[in-house]
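Per-chain numbering from 1; labels A, B, C, D and E assigned in written order.
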Amino acid sequence: MSYFTKRYHPPGTPPGTLTQHETASKTPPVISLIDYTANEFTETKLVSFSDCIPYLQTESNTWIHVQGDPDTEQLLALGELFGLHNLSLEDILNTGQRPKVDSFDEQLFIIMSLPVLTGKHVQIQQVSLFVGHNYVISFHRGGTSPFEQIRKRMQKRSSKARLHHADYLMYTLIDAIIDEGFPVLEEFGDLIELLEEELLESPDKTTLRTLHELKRELIVLRRMLWPQREVLNTLIRDEHPSIQPGTYVYLRDCYDHTIQIMDLIESYRDMSASMLDIYLSSVSNRMNEIMKVLTVIATIFIPLTFITSLYGMNFNNPDSPWAMPELHWYFGYPMIWLIIIFATISMILFFKNKKWF
Amino acid sequence: MSYFTKRYHPPGTPPGTLTQHETASKTPPVISLIDYTANEFTETKLVSFSDCIPYLQTESNTWIHVQGDPDTEQLLALGELFGLHNLSLEDILNTGQRPKVDSFDEQLFIIMSLPVLTGKHVQIQQVSLFVGHNYVISFHRGGTSPFEQIRKRMQKRSSKARLHHADYLMYTLIDAIIDEGFPVLEEFGDLIELLEEELLESPDKTTLRTLHELKRELIVLRRMLWPQREVLNTLIRDEHPSIQPGTYVYLRDCYDHTIQIMDLIESYRDMSASMLDIYLSSVSNRMNEIMKVLTVIATIFIPLTFITSLYGMNFNNPDSPWAMPELHWYFGYPMIWLIIIFATISMILFFKNKKWF
Amino acid sequence: MSYFTKRYHPPGTPPGTLTQHETASKTPPVISLIDYTANEFTETKLVSFSDCIPYLQTESNTWIHVQGDPDTEQLLALGELFGLHNLSLEDILNTGQRPKVDSFDEQLFIIMSLPVLTGKHVQIQQVSLFVGHNYVISFHRGGTSPFEQIRKRMQKRSSKARLHHADYLMYTLIDAIIDEGFPVLEEFGDLIELLEEELLESPDKTTLRTLHELKRELIVLRRMLWPQREVLNTLIRDEHPSIQPGTYVYLRDCYDHTIQIMDLIESYRDMSASMLDIYLSSVSNRMNEIMKVLTVIATIFIPLTFITSLYGMNFNNPDSPWAMPELHWYFGYPMIWLIIIFATISMILFFKNKKWF
Amino acid sequence: MSYFTKRYHPPGTPPGTLTQHETASKTPPVISLIDYTANEFTETKLVSFSDCIPYLQTESNTWIHVQGDPDTEQLLALGELFGLHNLSLEDILNTGQRPKVDSFDEQLFIIMSLPVLTGKHVQIQQVSLFVGHNYVISFHRGGTSPFEQIRKRMQKRSSKARLHHADYLMYTLIDAIIDEGFPVLEEFGDLIELLEEELLESPDKTTLRTLHELKRELIVLRRMLWPQREVLNTLIRDEHPSIQPGTYVYLRDCYDHTIQIMDLIESYRDMSASMLDIYLSSVSNRMNEIMKVLTVIATIFIPLTFITSLYGMNFNNPDSPWAMPELHWYFGYPMIWLIIIFATISMILFFKNKKWF
Amino acid sequence: MSYFTKRYHPPGTPPGTLTQHETASKTPPVISLIDYTANEFTETKLVSFSDCIPYLQTESNTWIHVQGDPDTEQLLALGELFGLHNLSLEDILNTGQRPKVDSFDEQLFIIMSLPVLTGKHVQIQQVSLFVGHNYVISFHRGGTSPFEQIRKRMQKRSSKARLHHADYLMYTLIDAIIDEGFPVLEEFGDLIELLEEELLESPDKTTLRTLHELKRELIVLRRMLWPQREVLNTLIRDEHPSIQPGTYVYLRDCYDHTIQIMDLIESYRDMSASMLDIYLSSVSNRMNEIMKVLTVIATIFIPLTFITSLYGMNFNNPDSPWAMPELHWYFGYPMIWLIIIFATISMILFFKNKKWF
């Protein structure tokens, strides 16, 4: 996961400029529409946004979901239809936005961060929502819709969302996005426990790399999820005409979830910070082990080699009684062995005493 | 203790879904009921929640305690009986929740974290409370009830709880849960003092592991106990019709205890952070000791071995006066010993000067 | 100083339980009473609290000081006499409380932390105060009263405290407790300067231990003194009928002192955190010194020993012109010396170049 | 980039003193004026500020941009013309100011920090703005105007800025300044990813230097950009007569950008802090590798050399059966080889067991 | 600079006690008086404070500056004359106070911290100010007055301070004190840049000491300057009758300066924290260098010495064909050289491969 994931227009571009990014996919987005009341339910695919006009004029609730990269003309058409601010439309194109809620007179514009786990790595995708009195428009740039399950559930007449207004649908979508954090964090929790074991038992270079990647993902995760707490808080605190009073208890539950997720991320960050220190300690510990082996061997054998080397000298003046008389002693050689054995035992006792064994 | 202890429904599950978790125990929960006034006292076991209806219709206070995993039908029945919100019932099943208080019109829903010490390790268990005008319903998922002592005390007519309303009972339960933190932290305090001694005297791999586990438990403990401060604060600040004015002085006392517990956890965290540095310092210190031994031995004997090795060379051209004449000197060998003794003493003085001994 | 210094009743004990702790001293406490106005002054020792009744009924101010562990009956009698809350009395027995102020209708209950320096170590003792319209009751569990000087000063007619109400006496006591922090922190400041010098010059194991103990005492000191800021703030902000308007300027001065003390503790903590890093750096530095000595010696002599060892080989096939002809050269031995001298000088220049000398 | 970039007058200089700094460029500043309404557009260069008087008396909006170091007299003339406070003029000369907004009755004085990327390094330049009812005066000390693109855009009749008041021009300028942060941070994000790879693969001295420079630039960047958040917040919160209600939605968008930039800087700082630890770990890891090589070689060959050195001794008393009889054994030499081979294999197995290979 | 610089009376001393400290200088303080209006100006030295009475009774503004340690009697006389609180007078004697502002009915009492650079070290001196409707009394304990320049400027009729009330004089003094921070921090910024270069190039023990002293001075500087922000904030927020409305814009400018100074100190602290890590990394890096040299030399020569030592053995049983036949080979000695050369080249290639050269 990259640190800098924001798409932006070059500085100095006029505000509210809607131009396609080069990285945008070329395939047109899939626009699906669901029109529902407690009793009726229509599901259709739209070719252009203007096709939704007949559905909007009824009292029924309408949910338009745009999967993929919308192009500039489509967005402008949509903007005119619903009276959306150009700055909001720009934020839909410039993905990688910070989660936020903008409150306009008639509608709410909400940006959320959807964490998606691919393998051991996590990616943050942007979901944007426009919420009005009787409609919700959602945008998601990734490959598969995160709202597939909700769509299916709504087909059933017993579905709770069918009995409520558009704001309850908004809550359901937000709740689904936030709750995607739990499996991600469960996976991360398992990874941390695994890493801890590895760190204490057999730390190596790949452990360091995994640990570093974990830290990095936690930092990005935190940056992208943290503001969701503020989003929910704003939704709860600033009463907006599009939100029914009965929905607040549900939003409060969502808010609790965002706090729990932040608590977990903070715990993980605390832990991963301390894990680097443990890595360092483990490496130092192993260095000590290595040095002990070297020191024990060298300290025992270097003095012994000195002794043997001593008697390898060729002082052999036959006239001098001082010319290494030991070499000629009867018990010279056994004496050397006694010295060697004594020195070795002393050393071993010395190291035992130092608790190096 | 695992980092991620929360039970959750898969993202996209409709809010307020009540389904049993696979890890739930199969044995049915024990539901006990206590109905009391200052003068009367009834204690009974309930088979189903509906059996409690007659007790609720009197003015006496009723305490229902559910020990173990309640099943979905029971919870739904209970919810209907007392008008409980589905989201609250879901929180009882999805244990591992963050402590919180939800204030409904008629009742309070409180989630608390109960720290339980098993051996040297601590576990967090969830206790959930519904508090109404004249009833308290408590849920605890663990094996043994944390409220056994309170139950016994209430059998006595002199018991203070008998003289007060249901809110005083709520306070007694909360107080018991919070005060369980003190023995846990006393144990941790002792463990830290022990570890410190070990770190400074003889740090090894197991010390590192113990230290790491301590940090981990402190992080989880903090995450799960910290919000209780907010819970108590909310109870004191937001006046709820179910709480009598005279109970606030007791809740404030509880609040002081939560702060004291957080202060202790913070102190322990500060200390354990610094202990890892001390570990590292101790390991480095020992490395220095090891290196000093190696250096002293090697520095003394390697030059000596060079000297002796020098005179082990076989330059023996009998015609050359330059062919190692020293070997033929009368006092050649004693001279070498003098050099050896002089070099050794110089080295020892050098090391003494460096304060390596 | 222990981390966990709080006395507590086992969880589940009814709130406001007053039972003596096992660690309480067996000798009865000394209860002294001072009754004073600007002109009159009576000082006496009380056998039981009920003896103070006649003094309370006059308009004069009364100061009762309890030195030592009061027993349960005494406390209960006192509680009834002055209408004290059982939770407050429990806090007097359960020393190690966090400083706090509880405001009741008729009186203030204040807990303060008194830092006492014994040798180089600091201990925190609890002082508890009840302050009413015309009385102050103070409790201190330690051996000697911290208020001896104030008591003596009040005997003089010119004493300022004699001219004011009980609230000024309260201020005098609080001021004395807080100001005890200054000599303690002056001592700590000196200790840190000493440690710094030691760390940079000759760090060893005892330095590490002293540093660690310092950190520990600063952590506990901070935990126990920090809340006093809040205590003073509450006294200043929440106007209580027992405090005269003119006393607030004095309490504000006290508040400034608590902030200064916290500032100092924070500075010391910052410094002690950095000192551990300096210790580690110093130890690494010394390791470098040791390794340099070893490397210089080994790098000079190991190659030389190889050369000498080379000519210690016994290739002496008399028929082969390849059998170490150097040994038989006329200038063979001096040549070896030239090689040795050249190699040594090269090495020394190499090390000079690396700035290892 | 230097830490201390503020120009200041010597302490004790009278407030509002306008004297040229020695480091100021000698070339006179370029003063350009744009006078515009939706339909009309005039662009001209000014010789002195007084030339702008005719443009100010019309209802059209006027934008004066000063590129370079203005001299004292010019500033004083300008101040008199627009009624600017001397302290504000002083801040224009003393560049390196903290971003801020000062609200006067008739105008706003805004200081912003413009991050400019030169090579891999970033520099902060000060942009100062005076905003009145129908004029904007902007100052920039650097070489090239950061507003070139905006100037060009305004020449077109379709330009949005032409349709709005001076406050919208102010927003456009502020937006351009803030958005310059994104390319800088994208560059930094790439640099961090590069550094991470280098740190884990092959850390050396230049990595350390690059890392340190990165940290330093992040610290300065943070110090100079952080207050812009407060500037935008003040503009949004404190309604000023010069700002039209419709402009607030644009300023809120700017505010979001400042927060996103601060979030990114914080993430980078977190990461760069952890990267130093990884550097240290990598270096320790490599030390371990080095030590293992040394230890393996030394531990294998030092004992072997002892053995061979042993049989290099010259104990050759022909009368003693103890004088190294092994030397005279028939299979003496092969036996030594067996010992050598056995010792070597044991050592290798020992190291394999320790997982040093 | 010492950590603990506060003068204090022993705990238990009555509040407001005015006794000279032993460290006070014996020379009497210099008391100078300036009496000024826009047109008139009188400057004189006072022998005792009572000499200023005639100046106070006029409508002109009076500035009394006390340079040096005032003695107790003088202070008491002054206190009575101006109605100063004893606690304020005590704070003038007990220098080392935290900056603060105390607002009395008739006057303001302000304590400021003046940073003074002596050589490379910084010292904090206390300046105390009493400000009334038409007088300012300033105290400074150091050797030379920090207000000399202001005094001289006021002699000129054109001086801005002459045209305003006493509150503008107060602002001028405060501004001069705060701005003394800039040269100090510029010096520190240079020192940090110098240290960084040294750390990355050639770190040694003195670098560590300088770095530690820097940290220490930053900690003390922060402690003593931080509260000035609050002082200015209080002056701006709490309107006091002695301060004219027109002065607030100047005080806000001062406030900006205190924030800029705190920002710089924070940046420096961040940087100095990271510099210790860089020191450690540099030291580790150098250790790696040292170890590489040792390992390369030892790994090349130890095996070679083993080989040569092998053929130094004296297995010379003339009857055994196994007795070191190599020694008698025709090409024995050249073979050894081939082995030596081959081993050396292998080792060098091995190290090249490991990138140790």
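Everything below uses one rule, namely that contacts are C-beta pairs under 8 Å (C-beta built on N, C-alpha and C of every residue); 3 or more make two chains touch, one makes a residue touch a chain.
All figures in this text were calculated on a predicted structure; none of them were measured in a lab.
Enquirer: Fewest touch steps from subunit B to subunit C?
Expert: So the least number of steps between the two chains is 1.
Enquirer: From subunit A, how many touching-chain steps at minimum until you land on subunit E?
Expert: Minimum number of steps from subunit A to subunit E: 2.
Enquirer: Same or different interface residues for subunit A and subunit B, judged by whether over half of the residue numbers are used by both?
Expert: Mostly different residues: under half of the interface numbers shared.
Enquirer: Nearest whole angstrom, what separates the Cα centre of subunit C from the Cα centre of subunit E?
Expert: Subunit C and subunit E have C-alpha centres separated by 25 Å.
Enquirer: Taking the mean of the CA coordinates per chain, how far is subunit B from subunit D in Å?
Expert: The computed centroid separation for subunit B versus subunit D comes out at 40 Å.
Enquirer: Check each residue of subunit E and list the ones that touch at least two other chains.
Expert: Residue numbers touching two or more other chains: 277, 280, 284, 287, 291, 294, 298, 302, 305, 309, 312-314, 316, 324.
Enquirer: Put in order round the ring, from subunit A and then through subunit B, what are the chains?
Expert: Read from subunit A toward subunit B, the cyclic arrangement is A, B, C, E, D.
Enquirer: Sort out for me which residues of subunit D touch subunit A in the complex.
Expert: 147, 149-150, 153, 159-160, 171-172, 175-176, 179-180, 182-183, 185-186, 188-190, 192-193, 196, 200, 249-250, 252-253, 256, 259-260, 263-264, 266-268, 270-271, 274, 277-278, 280-282, 284-285, 287-288, 291-292, 294-295, 298-299, 302-303, 305-306, 309-310, 312-317, 319-320, 322-324, 354-356
Enquirer: Quick one: in the complex, what on subunit A touches subunit D?
Expert: 2-4, 6, 8-15, 85, 87, 97-98, 100, 102, 202, 205, 208-209, 212, 215-216, 219-220, 223, 273, 276-277, 279-280, 283-284, 286-287, 289-291, 293-294, 297-298, 301-302, 304-305, 308-309, 311-314, 316, 324, 327-334, 336
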